[in-house]
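Next come two complexes, and both contain chain A; in the first it sits with chain B, in the second with chain C.
Right after this comes the complex of A and B.
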């Protein structure tokens, strides 16, 4: 068994996670965790749709921010994808997508404040980086032969429009539509830092124990995502995109002087700002590294590795729920509902809920990351397993799972898992804002102390860490010859 | 024809933007640190907005924010001109906006204090000094930027134990606000927490505290806290003497219901200097550069 490289790599990562568990802070600190969880589920089954006047508006704003952000991101991403061969562009895109939407929002909040632009850019910028990468991959895989048939002297633009675009159109469209769903999730969580989207009201309802109100908001959000195929129609898209900017809310006016101040003063390291010169920079950086960056990096890595393996476990456990090789239509429908809920709930919201119920430790974060990401991968490989044709006399029951299906989907499973490695780490860092001591905790603390210079150093470190894991993940996938389509 | 349309459209948008700018110039926007449950804050400050707009003859709008830093940033960025800050957030905000002034504080804010509260399972009783038995317990502050929920309690914990809170306690958290600190310690999620006396008294009086589950075990010496701060350029923007009028309006507030919502018995004049002690402590702990 250990002769197979995929098995060896799997066990290596399991071993790393087990070691990480020794260092992790895993505990349920709440005195009555189950009672609170019960109250929360009561809230979900007794949703109160009319308690808060703001919910309808919040949903509208959530959709509006998602549309504007994703549209702008895909436009910029498309332009960048055309020059993606350029290493500078490549690095730039890797950098902007390595910074989480919430970090972008926290940065823009400091100078645009509560202007709609803050939310729009927070989604558009990282999405542009992702779109650039995926679009360029789609273009690269396009069939080059139509281009060769063009008469000599055909312009570059014509050639591109008439040979590349038609060939790639379906994939571009599918991926962009998929990304819109991610955009809705991103838009919802921006509310947690004060933008007028769903997260704003969800946080208020939840922190005050108004579970029926919170339940209603979650249900509306699931319905919104589940019904996307019904209301996102190609013909209606121009209407949505042109209309959405008018539903972002007016916010507060931008004061442009703040932008200049942010870039010329706020983010300049304080020793330079106070005239201590480059000499003062070393102890300052040393302090940031020793007291904030290193503990943050350590906790981020520990949590990421545990969450990665937990994600894998959840995916392997849940994919049979929707696979048509097990159980009947009733079980499959139940499985679909569970996986839709797991993957539509942003990790941040799941982690927030579990942290409120169980008290602070890495446990709620691990469960949240594993449920969300495991739900996505479980859904994908479950669908894939349904496409497998088994022999009529194939073994049944547990042996069918262990000896037939898991080996057949295992490579695809690993590919998705390593693809999501970087995504899990990005989320892990951000969960620090909720009070787990990952990098996000220190970024949030620096911002709370109005020390944007420190916050920027920590955000850049987080980005570099993500880029590192992304490179490592790609290296492993290449070594194991694993192929995958992007997920978000 | 087309050109004409574009011209008309451009003219219309200029007028439109000019109007919206004119409207916003007359709106006084204020915020407050989110130190309690949001529903309570929105109720309280909508009342204040109505009261101020009646007394000042300008539109007054309240903007709720999600963090102390967001309140400070909005003030600094001139997106709000007036704010109800805590001691620390006020010091931070005024140091970032030259000319800004603390204009009024609550009567109770001259000598504010914080309680350390504990869950019954700890077996701790009220004491004169912070008990050694706190060591190894789990502990929650309020918000990271809170004066009464973080700064002052941290100062006295450091003084008593000569160590950082992370070293004294087995787990240190930030609940977000005072109401949540109360709920978390009451539920036993944290053994011990820091809360301001004002929220504690009000919640106890309203019968929202399970006094069998949680009790006060220590109280800090007093310090200056909450205040209304206004930007230095308010007169320039809203007209000569505006700052004085805002101050007068706040000092003249007699509406029982409004005052009870804080809860404060009334507002009195204050100056920036009153918050020197907070600045000193903030620097000692490293929250202020």
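Right after this comes the complex of A and C.
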């Protein structure tokens, strides 16, 4: 068994996670965690849809920010994808997508304040980087032969419109629709930094102990995502996109003086600002590295590796729930509902809820990351396993799982897992805002202390860390010859 | 002016020479059939010629190169994308002008499939797809046709119809064919390819099917 490179790599990652567990801070610190969890579930089963008009407004704003942000992101991403071969564009896109939506929101909040533009750009910028990459991959996979047959002298635009767009249309549409779903989740969590979307109302309901109101919001959010195929129709899209900007809310006006101050003073490293010159920069950077960056990086890595393996375990445990190789429609329906909930709930919201209930430690973050990402991979692998044809006399039960199914889906499973490695790390960093000591914690504290220069350094370090993991993940996938589609 | 005079044509795949070095001269008004067993290098020769004379020729490759998501009309119209400005082509993608659709319909009538004009090419049969690729080549109005087995998926009467149309529309052509009778009937000159070299080069009227059989 250990002769297979995929198995060896898997065990290597399990070993790393076990070592990381020794250093991780895993604990339940709340005085009464199970009672709170019980009250929360009571809230879910007794949702109060009419407690306040806040619920409806929250959902409307969430949808509006998602539409405007994703539309803008996909437009810019499309333009960028046309010049994606350029290494400068490639690097630029890798950089902007390595910075999480919430970090972008935190940056824009400092100078645009609570203006709707903050939320729109926080979604649009990282999404543009992602769209550029995926769109260009889709275009590259298009059949090149029609393009070669065009009469010489055909304009570039005409050639593109006739030979590329029609061939890629279905994939472009599917991927953009998938990203719109992601956009709804991103939009929802922007509320946690104060924008008027779901997260804001959820946080206030939670902090006041209004569990039924929070339950209602979560249920409506699931319904909103699950019913997307019904209300997002190609013909209605122009209406949504043109109408959405009018439902972003008023926010607060932009103070242009703040914008200027941010760029000319706030983000200039303090030794330069205070006239200590370049010589003062070294001790300053050393201080940031030793006291903030390195502990942040260490905790981010530890948490990421544990969450990665936990994600894999959840995916392997849950995919049989929806696979049609195991009996019973009841189990399959239940499995689908569970996986839809797991993957529709943003990690951030899950982590927030669990932190409220269990107190601060890495445990809620691990569970949240594993449930969300494991739900996504479990769903994809389960669907894939249903397409496998087994011989009629194949063994049943647990042996079927271990002998027939897992070996067949394992490569795809690893491909998805390594694809999501970078995503898990990006989320791990951001969960620091909730009080776990990952990079996001230090970014958030620097901003609280009005040290934007430090915050910017830490955000750039986070981005570089993500880019590094992305490259490593791609290297491992190539080494093991694992294929994956972009839509994961 | 059409026709060409090419020499030193060679092609290799993975270090192994599949064609040439060979020379081929085709005069205006000649209709050349390339014959020979599969794997002899006919397709390679066609694409070599296309690389050299590209600008003045219409190509029908073996894999047809259709855009499956587009309708038959748009695939045929692509033969004239260079003749119109970009805005015109963009509008045509959304809503074709009646002048163009009439011209394409005429052409499809000659290929006896006018009713398929608005059907996406993805839903056509192999023979219908082949005719769409030929219609695109004809619509391009080039002087010379380069075609690689353009009638391989068509039945007897239909292949005669298509060969007739191609001889009428293109003064000069180089067509790879495996059907010896069609080659003798519609082409003025037969070039036999064997192991990447020209093994036979003769006017059709001086040949009988029996002369060509040794190539296979």
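The criterion applied here is as follows: the second predicted complex is superposed on the first by the 486 of 488 C-alpha atoms of A that agree within 3 Å, B and C clash if a C-alpha of one lies under 4 Å from a C-alpha of the other, contacts with A are read in each partner's own complex, and residues count from 1 in each chain.
Criterion: a contact is a pair of C-beta atoms (placed from the backbone, for glycine too) under 8 Å apart; a residue touches a chain by one contact, two chains touch by 3 or more.
Source: prediction; values computed, not measured.
Chemist: Would chain B and chain C fit next to each other on chain A once aligned, or clash?
Modeler: fit
Chemist: Is A:169 touching the first partner chain B, the second partner chain C, both, or neither of them?
Modeler: So A:169 only meets chain C here.
Chemist: For the overlay on chain A, what angle lies at chain A between chain B and chain C, C-alpha centres, nearest 10°?
Modeler: The vertex angle at chain A equals 150 degrees.
Chemist: Please tell me which partner, chain B or chain C, touches more residues of chain A.
Modeler: B
Chemist: Mind working out whether A:483 is in touch with chain B, chain C, both or neither, as first, second, both or neither?
Modeler: A:483 contacts neither chain B nor chain C.
Chemist: One more residue to check, A:209. First (chain B), second (chain C), both or neither?
Modeler: After superposition on chain A, A:209 lies in contact with chain B alone.
Chemist: Once the structures are superposed on A, label A:265 by its partner contacts, choosing first (chain B), second (chain C), both or neither.
Modeler: neither
Chemist: A:150 in the overlay: touching chain B, chain C, both, or neither? Say first, second, both or neither.
Modeler: second
Chemist: Output check: A:161 vs chain B and chain C. Expected answer is one of first, second, both, neither. What do you get?
Modeler: Only chain C; A:161 stays clear of chain B.
Chemist: Check whether A:444 is in contact with chain B, with chain C, with both or with neither, and answer first, second, both or neither.
Modeler: A:444 contacts chain B only, not chain C.
Chemist: To be precise, I mean the smallest distance between any C-alpha of chain B and any C-alpha of chain C in the superposed model; what is it in Å?
Modeler: Result, nearest C-alpha distance in the overlay: 21 Å.
Chemist: So which bits of chain A does chain B touch that chain C touches too?
Modeler: The answer is that chain A has no such residue.
Chemist: Going by the contact rule at the top, pick out the chain C residues touching chain A in the complex.
Modeler: Interface residues on the chain C side: 54-55, 59, 61, 63-70, 74, 78-86, 89-90, 93, 136, 140, 142.
Chemist: Please give the residue numbers of chain A that touch chain C in the complex, ascending.
Modeler: Those residues of chain A that touch chain C are 143, 145-146, 148-155, 157-159, 161-163, 166-167, 169-170.
Chemist: Would you mind writing out the residues of chain A in touch with chain B in their complex?
Modeler: Its residues touching chain B are 25, 29-32, 36, 109-111, 113-114, 192-194, 200, 203-204, 207-209, 252-253, 255, 258, 270, 359-361, 435, 444-445, 447-451.
Chemist: Inside the complex, what are the residues of chain B that reach chain A?
Modeler: 21, 24, 29, 37-39, 63, 65-70, 72-74, 76-80, 92, 96, 119, 121, 138, 143-145, 171, 173-174, 176-177, 179-180, 183-184, 187-190, 287-289
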